[in-house]
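Each of the next two complexes has chain A plus one more chain, namely chain B in the first and chain C in the second.
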Partner chain A sequence: MSTSDSIRDFITGEILHGTLKDPLHDQDSLIESGIIDSMGVMTLLAFLEDKFSIQIPGDELLPENFESISTITTLVDRHLVR
Partner chain B sequence: MNFAFTEEQKEIRKTIIDFARRDLNPGIVERDRLGVFPRELWKKCAEMRIFAIPFPESLGGDGFDFVTAVAAFHALGYACKDSGLVHSMATQIICGIQLQLFGNKEQVSQILPDLVSGKLIYAQAITEPGSGSDAFAMQTFASKTDGGYILNGTKTMISNGPVADRALVFAVTDRAKKTLGGISCFLVSKGDAGFSAGKPMEKMGLRTLTNGELSFSDCYIPESSIVGREGQGAILFGEAMEWERTLIPACLLGELERVLEECVQYAKDRKAFGQPIGDFQAISHKIAMMKVNAELGRLALYNAAYLKSQRKRAALETSTAKLFISESLKQACMDAVQIRGGYGYMVEYEVERDLRDSIASTIYSGTSEMQANIIARIAGL
Partner chain C sequence: MLTSIRIVFHQVIETLAEDGVKNIFRPRVFWNRWAIPVEMDLLTANLPLAGQLNNAEFQFVEITMDDLQTGKWIFAVPSRGLKALRNLKQGFRGFAVAKDSTIVGDLWCIALRKDGKAIYHPDLRMLDIVCSLGDAYAFDMLIPSTYRGKNLAVPLQKTLQAALKMEGFQRVYGYYWEDNLPALWMHRMLKFKELPKRRVSRFFFILKSKEEVV
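And then the complex of A and B:
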């Protein structure tokens, strides 16, 4: 499973608990739409760091990095290649 | 997982316990009655390097890991009967961790050492008159201006607020954005034009901890005093809460263990109907539950501490520790009063003070209800 699909599965399953009716696309806004809030970010971070064995430092914990599946994937991939 | 203390941790705990009993406990009944912040004792704690424990040596700290810091505050909560002072010190450490994790180079290298030494007192300002549990409904606003921000608003019930030299202040920076991206954190110093601290508010418990209003009226904050990046406040807050909900429960668990020990001793010494009251199950079962809760609380606490020490996310584990230990302490203090009967109700015997102090623990740093909300959400609701 690709990084973006893993993230999508987590968001739709564990954060939204399967309540989303439409598919969640890579560019869909997660913050503006209210899919991810402050608590959701912490839950998502725990998943990302555990699933991909990475550690995201404070200066990268920026809202814009969590704006969409695409930006989250970029953040994760950046750490995977380090 | 083995949560046994290392020899070094045991030595640190013994030093802190001896120090607290010798230097921090005398006069607590009077200090509690007067409700004054014990600045001289703060200085003694600074000399004992309590604030230095979790920070790197390069910043003037002692470079211990977070589990050791938790073990140290666990000992402090156990031995120090001045729970207000203990809470005040824990607040200082939490502010330091936020600065260390999110501060810019100057904030970390130039400003943090005065926190680590205890020379300056820090506060964290989130709560407002109209927003408590819904912290992000805050109204304090920082508008962008040339080279910085203009801060306006009022914070209330801020721990250390009336005595703080510096405060980490959370404010809205973009009303159009959601919480994520719309809130930022600023470092404000006493003496900054437009910044004023109110008098200590009189409280039921934790009376040596000062809580009060911080007001900002066209208070200019240079861009260099933002902590983290603009819009990062909510994430910073979420991260800070995980550390806070580990360090503060450490103090509470220590207090629970002290209450338990004192109850066991009292139940052995106090006789009624011709025998020690501990022989009656009405008493012994209350004490048994204190023991069960202390044991389970210890596992929850050090599980959370271990995860944070490994820089792992631990929203579930820290909320669990905070909820369980604070509620256990409150119940233990209620039972401690009941076990002593009339004596428990008398100020002289110092049990009622523990009860008054314990009630706050289920309110600050996120109420028990908010912890349950977090846990329920992670559980899938």
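And then the complex of A and C:
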């Protein structure tokens, strides 16, 4: 399963609890739209660090890095390479 | 003094109930914790008009002494109600999110008075911030755990900022602890400008604070 699919599955299943009617696309707004709030970001962060065995430093906890599945995937990939 | 003792008593009970014994002393005893001072330029901030943030479930209000004395509000967290009375008597201003007649989150600020007389707050020494005329300092925000995750923190901050901006204030300071991720996230969502962080150690009333050397 790709990074973006793992992230998508987690968001739709564990954060949104399957309440989203339409599928979540890579470019869909997550933060600005309110799909994910601050608690959701913290839950997502814990998932990303555990699932991908990465550590995301505080200076990268920026709304723009969590705005969409695409930007989250880029963030994860950046840390996977390291 | 008695009020302060009552506040601490309630805080201990509330902390024990929510976080357990180990977190009772956490706010007052710690070593090498990073505080991130922040500032917001109100002149350029995009803020809502009064009442725009209210919805069917929650309303965002300013807490007044009259309201407390007439019993308009009850506080979901008892210690916050006691703190509100004490804060208002000290000249601080309070903003809150209310569900019906219950305050379910509050945030405080101090501002240089129009007569030029500053109101002191110990955080300003820790953060090495000097407020000038037109500046305010926002502090001590709490949303009880049962009301977290409902997108209340950002609108509560915006309510305070909008009120200050309307009164001609130009800048509001604040801070968050680097290890407090929800606070970190809220400040970044609001696009506060982060100032040089400070390493802080505290043992009850003994405080040591030093700016990070890059």
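In the analysis below, the second predicted complex is superposed on the first by the 82 of 82 C-alpha atoms of A that agree within 3 Å, B and C clash if a C-alpha of one lies under 4 Å from a C-alpha of the other, contacts with A are read in each partner's own complex, and residues count from 1 in each chain.
Please note the rule applied: contacts are C-beta pairs under 8 Å (C-beta built on N, C-alpha and C of every residue); 3 or more make two chains touch, one makes a residue touch a chain.
Source: prediction; values computed, not measured.
Enquirer: Please work out whether A:36 is in contact with chain B alone, chain C alone, both, or neither, and reply first, second, both or neither.
Expert: First partner only, chain B.
Enquirer: Of the partners chain B and chain C, which touch A:62 in the superposed model: first, second, both, neither?
Expert: Touch status of A:62: both partners.
Enquirer: Is it chain B or chain C that touches the larger share of residues in chain A?
Expert: After superposition, B is the partner touching more of chain A.
Enquirer: Residues of chain A that sit at the chain B interface in one complex and at the chain C interface in the other, please.
Expert: Shared contact residues on chain A: 31, 34, 37-39, 41-42, 45, 58, 61-63.
Enquirer: Contact residues on chain A for chain B in the complex?
Expert: 14, 17, 31-32, 34, 36-39, 41-43, 45-46, 49-50, 55, 58-59, 61-64, 66
Enquirer: Flag every residue of chain A that touches chain C in the complex, lowest number first.
Expert: Residues of chain A touching chain C: 31, 34, 37-42, 45, 58, 61-63.
Enquirer: Give every residue of chain B touching chain A within the complex, in rising order.
Expert: Contacts found on chain B: 101-102, 136, 177-181, 228-229, 231-232, 234-239, 242, 311-315, 374, 377-378, 380.
Enquirer: Report the residues of chain C in contact with chain A in the complex, numbered from low to high.
Expert: Listed in rising order, the residues are 148-151, 153, 178, 181-182, 184-186, 188-189.
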